[in-house]
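Handing you a structure now.
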Amino acid sequence: MPVNRCTWTSRSLLDAFRGSIVTQIARVGKVLVTGIFVASTVIGANAAVADVPNANPPKGTHKGEDVPQPIEFPHDIHAKINEINCMYCHTYARRSKVAGIPPTSKCMGCHSVIATDRDRIKKLTEYWEKKEPPPWKKVHDMPDYVHFTHEKHLQRFVFNNEGMDVTRVSEVCAFCHGDVKEMTVAKKTKPLNMGFCRRCHEANNGPSDCWHCHK
Amino acid sequence: MKKYRIMGLFSNFREAFRVVEDIKGGKVSGLKLDDVSTMSPIEHPEIDEVLGARPSPVPKFTLTGALFGMTFGFLFLASAQATFLVQPQGGKPVIPLPSNIVLTYEMLILFGVLFTLAGFLISARMLTKRPAIYSEKVGIDQIGIVLELDEKSYEPAKALFKSHGVLEIREEVVK
Amino acid sequence: MKDINEDIKWAQINADVLRSMETPRLGYWIAVATCVAMIACAVVAEIYQYKHGMGYGLLNWPHMWDIYIATFIFWIGMSHSGTLLSAILHIIHADWRKPIYRFAEAMTTFSLMTAGLFPIIHIGRLWNMYWVLPYVTDRGIWPNFRSPLVWDAFAISTYLTSSALFLYIGMIPDLAICRDNARGWRKKLYIALSLGWRGDDRQWRNFRRTYLLMACFLIPLAVSVHSIVSSDFAMSIMPGWHVTTFPPYFVAGALYSGCAAIITLFVLLRYFFRFEEYMTIAILEKTCKLTFAIAMAWTYLNLIEFASTWYGHDVASKEVLLQKFYGPYAPFFWMMMFCGSVVPFTLAIRKFRRHIPTMFVVSLLLNLGMWLERWMIVTPTLANAYHPIAWDTMWPGMVQWAIVFGSFGWFGLLFLVFVKIFPSVSMYEVKEMVYHRRGHAGKDTEEVLHRPVEGVRATTGRPGLEGA
Amino acid sequence: MSLQNILNNWDKYRKGHEAGGHHVYEHMWSMVIDLNKCIGCGACSVACYAENNLAVVGKDRFEKGQAMHWLRIERYWDEPNLKPTASDEFQQHGASFLPMMCQQCNAATCEPVCPVAATYHTPDGLNAQVYNRCIGSRYCSNNCPYRLRYFNFYSFYETSWPEPLNLQLNPDLSVRDKGVMEKCTFCVQRIRTAKDTARREGRKVRDGDVQTACQQSCPTTAIVFGDMLDPESRVTKLWKAHEVELGKTAQHKQHPEKRGYRIFEGLNTDPCVMYLERVREV
Amino acid sequence: MSGKEIDRRSFLKVMGWSGAGAATLSGCDLPTTVTIEEGKETVVSYLMPEEYVIPGQGVWYASTCQQCSAACGVHGRVREGRLLKVEGNPSSPIGRGKLCNMGQASLQAHYNPDRLKKPLLRKGAELQEATWEEALKYIEERAGKKSGVQGNRAAWLTGNVSGHQAVLLQAHMDSFGSISHYVHELINTAVSGLANKDVLGEVQPVYHLDKAKAVLSLGADFLGASTSPVHFATQYASFREAPRGVLIQVEPSMSLTGANADLWIPARPGTEGVLAMGIANALIGQHGVSAANLPAGVKQAIDGYGIDRAADITGVPRTQIEAIAKTLKERAPSLVLTGASAEGHAHGYNIAAAALMLNVLLGNVGQTITSSGDPAFPQLAARAGNTRDLFAFAEGADKGAFDVVFMWGTNPVYTAPAFLNFEDKLSKVPVKVAFAMYRDETVAKADVVLPLSSPYESWGTHLAAYNSDEPTVAVQQPLMQPIYPDTKSVGDVLLALLKMREPNTYSAFNDYYAYLRKAFSELPATHKVGGSDDAMWVQSLQRALLAAKGTPKELSAKPVAVDFPAYEKDAAYPMHLAPAARLGMWDGRNANLPWLQEQPDQISKVVWGSWAELHPKTADRLGVKNGDYISVTSAQGSIEVPVYVYRGVHPDVVAVPIGQGHTDYGRYATGRGVNPLKVLSQVTDGKTGELALYATRVKVAKVEKKKPGINELMVRFGGSESQVGRKLVASVTADSFNRTEGA
């Protein structure tokens, strides 16, 4: 069973050096430069972006890889054209640390009648009939020593946020997940690294205790 | 008017110093003590007695560096500690003086040394091209008396060198 | 007796020193090969440790530190004499330092470079070592400035920078001489390194000031460095470590091992580079006397530490002390006492002092004692600290030994490279020494000064410094 | 990062443990272990292995002293205040068991020595160890008088959980790789869960909401855990009843026969674990 | 605990795994040391989850621990379909929400890497993997309806069995018309059980440690390897509360209970009964305890053992005997218990009876010893194991009395003493069927092996071997889907076997769950919650227990007259062997659990191996120190084992704890340490025929081991065994404690 472990320890010494010291030195340099750059831009930009009340969205971009999924799920059709709320499918987000991939039953709730002639739906129906959920791949992956909680972030920015309309939740999701509405298969568009998190926590008075996220 | 730089090489240091004394005494008209410099294989403080006190601004650099290091060091540490609030450790304050004093001390020395080096490089006019009159013999055992002069003083100076038993005279046109 | 033959010709000085830097002979390559082989041992061990974890060095709970740290202190200590003594002797105008300070300072720099490797080797995740440095990052985290290990990082990098600069600045006039006598790549190297030195009075004047100021900085710096290293222990809470006498004790130990190392290298250089003219017995004797004085200071501080522990009546500290005396590490402890406090008495005896082979052996023994001292500081405390359930005797594993062994090869290699690229005896200062001696001798000054110098040039009859 | 900040908050930043410390504590988790009830069976220790992803190191590494038991049961054959029995031939008074886990000292000696601040004090009064920040200098372990910090000398995960044992690993906390220090966290993942639940339900954390794995397992209920800032919690009452106070290096008890004590209190580490002395018929 | 325990069955049914078996579980938030792996990890997603199943949050379900026969209730934490942790079930009257180290380690039994994944069939000398069809066909041919095996020619050799599994097992036996059920447990209460029956009229009365103020334990390790360690430990906690009870322990080598005793006394092995007599003498003679309620024969027997004589025989000083008597008298009510080290002698029954006599004399019966009543469901009651059955089975097998044997829940090849020659005798049974979770020494000898799913994957019901005064039926429900799909629960295996024999009756049940559900629905209406069958079932699962209060009864108090043989020295074998059982390794069944192997032994702190405990005097005489090897030789054989020297062992005793020395028990147990059971002498209890565990005489000699390998090294935790004056464990006097905390 491929319990994947690796990278920040060593496979071979050479790899390790390639994977750690050299790149880390490079990263330090990059961080130094971007840190200063970002710090200066963030301060300027905060005032301008205020779609979500009482929030300073985090800055930063990332060019994620295309992740091949078993079924090419079109987020744009669901979220943009049909305006389905994110939490309709990612229903666990408000209750748990993980947002959760919707159970296949939820897909089939609609797709037993809607668009049944499409290839993707046929594929979905196939899985459903095999009594197997599709093996979705994780796009927004965090290191295992980071314990991110969707629930708390939604509480802070949506449910306990005065003046925030739940129907606009996607704007909050977009803080970290980018504009998923414009994507078909989700792609990582935010760096989701510690600097990204920290800057946002600082701007929004989030906790700064290490043990909040690392255990 | 042409400007020259000439250097007389002496193996006898005393004799070389006498050349300088002679110039000081006005033996060569138009030559001032300020026009005289030396190139020597060793550091010998008594040359100051001959050439007169000339300024060396290195200690000023040092003082600046040390003060900068001290202030910057402490402020850097304190402000880093003040923004790094997961710092409460072992019941120690967020800005602990004992450790900051130690580190400030190190920063004082580090910057003191670096500024001293910079001061040396600047005030000793290091990193400049060697003059053409430079002789590798000043790296061995001969002292060179270097004179900046114009055509007028050129010949008398040479004569003065010779009168003190110069071994070799090197010259270059400055301008 | 004179420290040095004052009638030596200056050109001869240049010639002798430059000769030592010439294209190496077979023996040199054998030495290099040996050092490389030693380093190879360490590299293999380190790769193994890197891949599989610190456990194969047989480090354990509670022996989280062992001979890595002991060797780290050893090398830090060895780095002290060179620069510190050179600086002190420079300030007090003890000009017998002049023929020997260059290699001593080089030793400082190289042992610091060796010492600096050990904290890196010894940490569990060395690929994250740079986290100790205070760099600005958007993660908003800093190193912990409270930790003596961070003090170490600051102190060592300051010390390494400063002592390397001290060594380098002191070498500039000599590099200019090399420049004048070199060809090929060496020429380019020395042109770059000599920074346009021409020896004019402005340069000498500022040089003198700079060198003096650096020396003034280096004395407190060197003292602070080893007291900060001692803080790794003294700032802790552990019995046997939490000792107020540690800073002076460490400084004394550092000077001690440094002096011993100077004697070792003195003997080697004198023998292999035929520096008998410069590294004279007289200077050796002076060094030995100094070493003896420091050895006695060290012995005293050692005894006072035991006495204060004994008298202080802290149960845990006393337990550690008794374990040093009688426990499983006792043979090493007593060997350290023998090497550190008894062997130096040979230095007090003129006959031995003047006997070079004896001095070579003695200097090695002294350094063995000093290495053991560091081991005996680190390990017995960990073996017998407050909590008796964690009492344990641990012997270092092969991985640790190999890396410690290799560190000597690394130091040796750096030094071997140094002696072939840089003049290991300060030419201009030996000249100054001769010049001043004669200047002060009075009677024959006139004659000497007026005597025409024969046309000896460094390059005459000799190929000079070849560079491919 | 401004001079203003430093000057304005100077007093706050200069507040040490003696002056109450920098934190305004949200909780002060602490523990009471009753040695009168502890039978030394080791259920707590195994529970800790199960809860906290502790590696089983195997015999050879155990022999080298590289075991990872965050909670260890120490067994002594003597007691300092117990005179040897009349007949010294037998161990007539049995053994003295002592469960030792991280004492979560409020003036922990391990914290200030970490070069990268991987261990620090949280607003919960806990001594935190951040694994992903740790570089493995091991200084903390050296400076812990209780020797309660354990180092990952190897990548234990390579050998400790052959399939399918790895399915048991608790996803609420990390599996530690080689080169990092680890130690008892007072089951911080359980504290976090309890706090989250309380928050979700819009209430404060109640006494008993958080049970550490060792406490939950202990067959004789020798371990009590709770929040010292909650005046109604069992630990607060026990500390009061036994006249032990936090923040002291020596307790001046009105009733010296009260059983509470802290180990190595005189070292001024201010541990949050109070032990209750064993009781013996003499 | 969240109250979300509901019908696990429906949960498992609807929970769609993205495949079957362990391989795909890797995706579900397994903590690893991985950093970011964008797009490589599979996310767990459900097909159609229940409302309460939320990814990222654990749910607790109740079940029953199966690591020993105590049947403690557990709560298992399940997250993303994985069982992560078990804790005690607070509703369980046995564990009261607590769990011992073995219970905690049950997770590793469940996830053990050495579990059997497929049925095994013997092909020549080797056991080879086969399909269930092949395995069942093999059994059907040899033990099915048409095989012709009838009556007692079919035998069952099991460990403790109770609940509906026992019912099915009985049905299976009935289908053959066989009564050949041999229940083997090494750690048992057969000797004291018989004595209890004779004296008190009940095999397993209820002990009230919490009510006793003084406990005299003659070798009863009730905190350690006993019938219900967690239960007794919870009672011990209240026993130790102020006003605090006194515990006096008499045993040859220190047990966990002995380590916690106020007074630990090593009596000469086998003389504990005499000590009881001496105490009785002191009670009658010095404290005026009335002996009126003792039968004349008993009184006479007591008179035969004056205090001095008792002191002489036992080696316990007279003053101590008197002090014990004084304590027992002054601190009423008291309780006298016996355990393996006292009962494991040729006259073990007599010792147990003498202890009961003390209880009667002290008036403890009815006070600290009460009746457990007649069981509510006698057909579910535990068939308690013993060693006598093993002898009987071996004899039968040797004579060729069996055509087929079904083995399960016991490992006799490991636990049988060498003199029994069990392996050879077992091999004479032509068809050996074993059901097991792992390959062990017995399984290796079987002809067909059916892989069992773990207790946390199985349905079942259990009645504890020792019931508190609140007897319950413990319900065992699966906490997760089987890791290996080709394993079956015991109940399912029994059903499959029954279907071969009685297809008409049992084919109605698809699986064991169906059987169990039916069984519960047939419970009398009094058990139904609000008269609803479903509510009762849901509640049974939520609490994982079903009250089973029996009919109350009174205990009788008729001590039997016993005598003790004179203590004899054996010149050739001067020492006694004490094969102590420990909480952890138990009878050796837990040796394959790494957590327990790595947990230092409570007394010696040895890990991952065997050791022999010696008194310093004996060690001096032999010239051995900690870690040196000795040979322990009995008439039956010899073992070599490293030494641990301490003062908690009688100078004439060498104690070698059992549990190690496995030859074929997975990667963690095999080849580790020695098995002292193999050198036991052929001594049995005169009355019950039980193997006398502590009756073996041995001689001990030093063995030189040059450079022992890691396997031979004795590895012990801890540097110093002394506190060297530091205040780590301190103590106060009981007086002071009772004063300050008594009120």
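Going in written order, the chains are labelled A, B, C, D and E, and every chain counts its residues from 1.
The working rule: contacts are C-beta pairs under 8 Å (C-beta built on N, C-alpha and C of every residue); 3 or more make two chains touch, one makes a residue touch a chain.
Given the structure is predicted, the values throughout are model-derived calculations rather than measurements.
With steps allowed only between chains in touch, the distance from chain C over to chain D comes to 1. Path length between chain C and chain E in the touching-chain graph (shortest route): 1. Chain centres computed from CA atoms place B at the largest separation from chain E. Centroid analysis (C-alpha atoms only) places B farthest from chain A. Counting C-beta pairs in contact, the chain pair with the highest total is D-E. Relative to the centroid of all protein Cα atoms, the closest per-chain Cα centroid is that of D.
Chain A and chain D have centres, each the mean of its CA atoms, that are 36 Å apart. Our note on geometry: chain D versus chain E, Cα centroid distance of 32 Å, whole angstroms. Averaged C-alpha coordinates give centres for chain B and chain C that are 29 Å from one another. If each chain is reduced to the centroid of its CA atoms, chain B and chain D end up 62 Å from each other.
Taken residue by residue, chain A touches two or more other chains at 1, 3, 5, 8-9, 143-144, 208-210, whereas all remaining positions touch fewer. For chain E, residues touching at least two other chains, in rising order: 22, 25, 29-33, 718, 720, 722-723, 725-726, 728. Taken residue by residue, chain D touches two or more other chains at 67, 72, 74, 109, 112-114, 117, 120, 133, 155, 157, 163, 166, 172-175, 177-179, 264, whereas all remaining positions touch fewer.
Those residues of chain D that touch chain B in the complex are listed here as 1-3, 5-6, 9-10, 12-18, 21-23, 105-114, 117, 119-121, 270.
Of all the residues in chain B, the ones that touch chain C in their complex are 11-15, 37-45, 47-48, 51, 54, 56, 58-59, 62, 76-77, 80-81, 83-84, 86-87, 89-90, 92, 96, 99-100, 102-103, 105-107, 109-110, 112-114, 116-117, 119-121, 123-131, 134, 136-142, 146.
Those residues of chain E that touch chain D in the shared complex are 22, 25, 29-33, 79-80, 82-88, 95, 97-101, 103-105, 107-108, 111-113, 223-224, 229-230, 233-234, 236-237, 240, 244, 246, 249, 254, 256-266, 317, 483, 583-584, 594-600, 602-603, 605, 607-609, 617, 646-648, 651, 667, 672, 710-711, 713, 715, 717-718, 720-723, 725-734, 736-737, 739-741.
Of all residues in chain C, those touching chain E in their complex are 315-316, 319, 386-392. Across the complex, chain E meets chain C through its residues 718-720, 722-726, 728.
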